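The following blocks contain the structures, represented as structure tokens.
Each of the two complexes below includes subunit A, the first together with subunit B, the second together with subunit C.
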Partner chain A sequence: MTQPLVVFDNVVKHFGSYHAVERMNLEIYKGEFVAIMGSSGCGKTTTLRMLAGLDKPSEGEIRLNGERINDLYSWERETPLVWQNLALFPFLNVVENVEFGLRMRGMAKAERRKKSLQWLERLGLEEFAMRDISLLSGGQRQRVALARSLVTEPSILLLDEPLSALDAHLSVRMQGVLTGLQKDLGITFVYVTHSQSEAFAMADRVVIMSRGRVEQIGSPKEVFLEPHNRFVAEFIGGKNILCGTVIGFDDRGLVRVGSEHGEFLARRPEGKSTTPGERVTVCLSAEHIDLTEHPRQRNRLTCTVVGEEFIGSMVNIYLDAGDGLELQVQKPHADYNRLGLRNGQKIVAEWDGACALILRGD
Partner chain B sequence: MNEHRLINLVLRSYVVLVFVFIFTPIAGSVVFSFNIDRFPSLPLGGFSLHWYETIAADPAVWQAFKNSLMVGVVVSLVSTVLGFTAAYTDFRYQFFGKSIYMALALLPPTIPVVIMGLAMLAFLSRVGLSGEIYAVMISHVVMCAPFAMAVIRMRLAQMDPNIEAAAWNLGANQWKAMRFVILPFTAPSIFAALFVTMAVSFDEFAVAWFVSGLNETVPVRILNTLQGQVSPTINAIGTIVFITTMTLVILAQLLLMRRHKPATA
Partner chain C sequence: MMSNKLKVSPPVVTDGSAAQLRGGRRGLRLPWYGFSFSMPILIWQLVFFVFPLAFLVAISFWVVRNFRMVPAFEWLNWNYMLSRGFFWDAYAHTLAMAAGAAVLISVVALPCAYTIAFKFRESVKQLIVLLLITPFFTSYLVRTYSWQVFLSDNGILNAALGQFGLEPLAMLNTAFATYVGYFTLCLPLVVLLQLFSLMYIDRSLIEAAHNLGCGRMRTVFLVVVPSARIGIVVAALFCFILTFGDFVSPLYLGGGQPPTLSTLITDTTKSGQQWPRAAVIATMMIVTLLITAFAAVRFAYRRRA
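What follows is the complex of A and B.
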């Protein structure tokens, strides 16, 4: 495999006694779109700031193109950042903002103006070049910030929740702009977000962080289909978590798990061994549960309907399975209407054992 | 609606009264500076530029204006630089004892001027500067720098701290970020600070009186004139000082009001 563009090698960052990032190991390759995802305070922004040279790692090493960059100042590395609040220069107009990076590199005025205008044109902003920043809309400012960071033709672009201030519609359009740019330019994007939909829609790989630690790295599909642990499963949502003890195996190679809700079957992730008596956490996607009055599967729970919630084309149905276990089931509208559920109604939730996944970690 | 109108009327009258209270004595001084009579009395005797001609012919007044101008220029430049550095330190750095640092930096204007004057006199005479024009400059810098700091600090408080970091991130080292981001952003407040500090210095009497010796500034000249005789030339000088100071302060205010652009993008 080729040399990674960026390597985080056992990187630790603490602010006083607060540990923002703990033993981070991450490799980012050329031309990749990597999203770092997590809730607020998980260390994702600190990670990005360390890469941008705005925070210095307390321990470990960050390498860019194989060279240690821990001690380089932000202005000594080529890691432009698109800020969450954009941080455009309010006293400069659009094109002056864009050419700032070239000006700092000492490029002659005519040349940097020409280049900046090209970038503005590329992002559909040429008619606003002389306009004051304060007169632009949110989406236009966003593109100015992008142009300002890209004008120096970096090999990597860092983005810190750049779409969080936009409305949903505009955000989706900007996602298209970003992925398009990233493909065209062939440069690496490192994108920090708390939004799963943004990360999954755009990224080649996602890094899920929690409390300063990396919980899982993988393609959106891998993470969605095989979350490594309970945190990831809960973070990406739409997952039910069951706990139990391994009893044995059935003839299909599925694991028999005994729990306080009865015995059910679950699949092992590849490469994980289980032994009888071991405590396991099982994850079951909301869309893999069927609701029926005539159960066919061995995995079933009799539940009470406690609520439902419309989310676009799907309906979330919440069930009380007794003993403090609540299940979330996701159904298309047609199926939901056919079931004709009422709150308080008893119904059987069942699923194929091959759809229930034993998690690698807790 | 009627109630609102009444409250409005009362509030407006109140504001007008306050201004009348503040400006009547000054207006009186201005009016009498153009009055021909030797002693201020009503009705007015007649319009005359006599008192202005008198001061224009008085070399001591010319010297006083020259001194004040020289002191004012030096003081405004030095105290604005000092004020800027203090304000930027406050904006940029967190350090142990910062609140004490800020309190000390803002302290001089709260010291009674007589005490300040005495202390300055005692100190400056010990270092052999008492009676020199530098003595007035040094004292005024001490008194004016906090005003400059306050004005510039207000502007920095409106700045998104990320824009400085954004400049670093785009390849500007700390000096370039200062030159191309911090200074352009704070420029209106820097000019305002120049004008305000010059006005404060131009007006300051007590400390200058203690330390100026023979290098009289304008306010010191006024008092010395007053001690010799009651002359309407004081009204004339006072009018010039008032107009100068007001011009400076209004310029500063105009600069500070130009910050309608949002500070963050």
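What follows is the complex of A and C.
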């Protein structure tokens, strides 16, 4: 394994009595697109700011290229950041904004102007070079901010929710621009977002944080298919959570879980052992539940339809399974139409035991 | 005002929908609505600023016969004042003193405002803003007189120097004392105006500069000052206006020599009822201030194409 570009080694950050980041351990490799996500206040932005040198870790060590950077000022390290509000200098025009970093490095005027214009051209902004920042659209400003950070050819780029201010359509287009740039330049992107769709669409690896802790690190696929704990399962959405106690095992190696809603089967994640009597949390994806009047599976619950919601090509169906358990089921429109559900109707929800996953944590 | 509004309402259009009607009315009514609120201040300005100003300019063309002013339209006073060396000396002196004060006080105030804006907690900041307002509770004239007590040859400062066996310094009736007065007059205001513009600088701009390799001092000059430009220029402009027309400090602390334009005005009116000549000086001062203010505001709000 090559040496990681960035290492967070037991990093803690507190502001007074408030613990923003607790015992963060993370390795980021060269050329990776890492997305750090979580809801607001989870410590994702603080993590990024510590890497950029804008906040100093309270404990632990941050290493860049193997060197401790805790005590380096922001202006002493090469960790350009793209701000959520972009933080473009309103008193400078487009090209002056872009060349700011080169000017700080003492590059001659003609040379830095040439280089900045090349970057503007690359991002399709050459005609705006002499414009005032206030005359640009949101998407254009976004690209100016990118050019300003990339013009010094850094080995890493930090992005703090850069797309959150854009409308959905533009945001998707900018995602394409970002991933394209990252692949072309071969540099590391560390991207902070609260949007799961942005993170999953762009990142090689995602880091999910909650209340200052890392909950899970993995590829979007891993996180989606095997969430480590209840928080992650709920955060990525479209998951149902069931609690129960291990009763035993069936002949396929599936775990028999007893709950107040009856007995059902669930799969163990690789490497996790379970013993009878142990409390477990089971996660079941909304798209793995079938609705039928003629059940075939052992895992079933009789439910009442309480609502539905149309999300693009899919329909979310909400079911009341009694005893305070609510299930979410996701079906394509065609299946939903075939079922012809009405609110208040009784229906059986069933699923294959191999699709229900016992979580590693709780 | 009410009757005016009714008059400008469009005639009722019977075939228009209710929505159209409302829209039509709104379009005609709103300018009057806003205008009616700005009327009092406009009238005030007209009566107490524009009219007296016009009168002042008119007086500058009058003549004095047998110590009495006679309405006329003569260039006599203008020719007299603008051809006198002592007028231009006073003009240059006043301009230099005021410009010097604007620059010096701004330069002294900026680090102070910067520290307050960026280094103190919110509660401390509020206290400091309050403290910066308190000097205005006392009349400027009173504060100037108290400086005399400090600065005079056998005043408090010289008594303190005497304790260390030092010779008394002549401070009163010097340009230094005038500047002490100017600082008394302007410094709190300049700090306040600068502070308000510094406080609202987007912090991420400063962080962005750091992040792009710009060290602390450089960030102050390349990001903080340009971001607060409007406030800094307006503060300096206020300082210029206040000191350019000030009569108290140059006379009571500076000793009135060399004379500034405001001392010249009092001297002119006292000697032989020469109000028209004083009006010429006053008009010249107002024109200078208008040009300076216009240029400063243009500079503060300058935008590139």
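Following the convention adopted for this analysis, the second predicted complex is superposed on the first by the 362 of 362 C-alpha atoms of A that agree within 3 Å, B and C clash if a C-alpha of one lies under 4 Å from a C-alpha of the other, contacts with A are read in each partner's own complex, and residues count from 1 in each chain.
Note that in this section a residue touches a chain if its C-beta (ideal position, glycine included) is under 8 Å from a C-beta of that chain, and two chains touch if they have at least 3 such contacts.
Remember, it's a predicted structure, so these values are computed and weren't measured experimentally.
In the model built by aligning both structures on subunit A, subunit B clashes with subunit C. In the superposition on chain A, A:Trp83 makes contact with both subunit B and subunit C.
In the superposition on chain A, contact is made by A:Arg141 with subunit B only, not with subunit C. In the overlay built on the shared chain, the residue A:Ser74 is in contact with subunit B and with subunit C. Contacts of A:Ser197 after superposition on the shared chain: neither subunit B nor subunit C is touched.
Judged by the touch definition given at the top, the superposed model places A:Asn93 against subunit C, while subunit B stays out of reach.
Shared contact residues on subunit A (touching subunit B in one structure, subunit C in the other): 52-54, 73-75, 79-81, 83, 85, 87-92, 100-101, 104-105, 132, 148-149, 152. Within the complex formed with subunit B, the residues of subunit A that make contact are 52-54, 73-75, 79-81, 83, 85-92, 100-101, 103-105, 132-134, 141, 145, 148-149, 152. Within the complex, the subunit C residues that touch subunit A are 202, 204-205, 207-215, 218, 223, 226-227, 229, 303-305.
Of all residues in subunit A, only 52-54, 73-75, 79-81, 83, 85, 87-93, 100-101, 104-105, 130, 132, 148-149, 152 touch subunit C in the complex they form.
Listing the residues of subunit B that touch subunit A in their complex gives 160, 162-163, 165-173, 176, 180-181, 184-185, 261-265.
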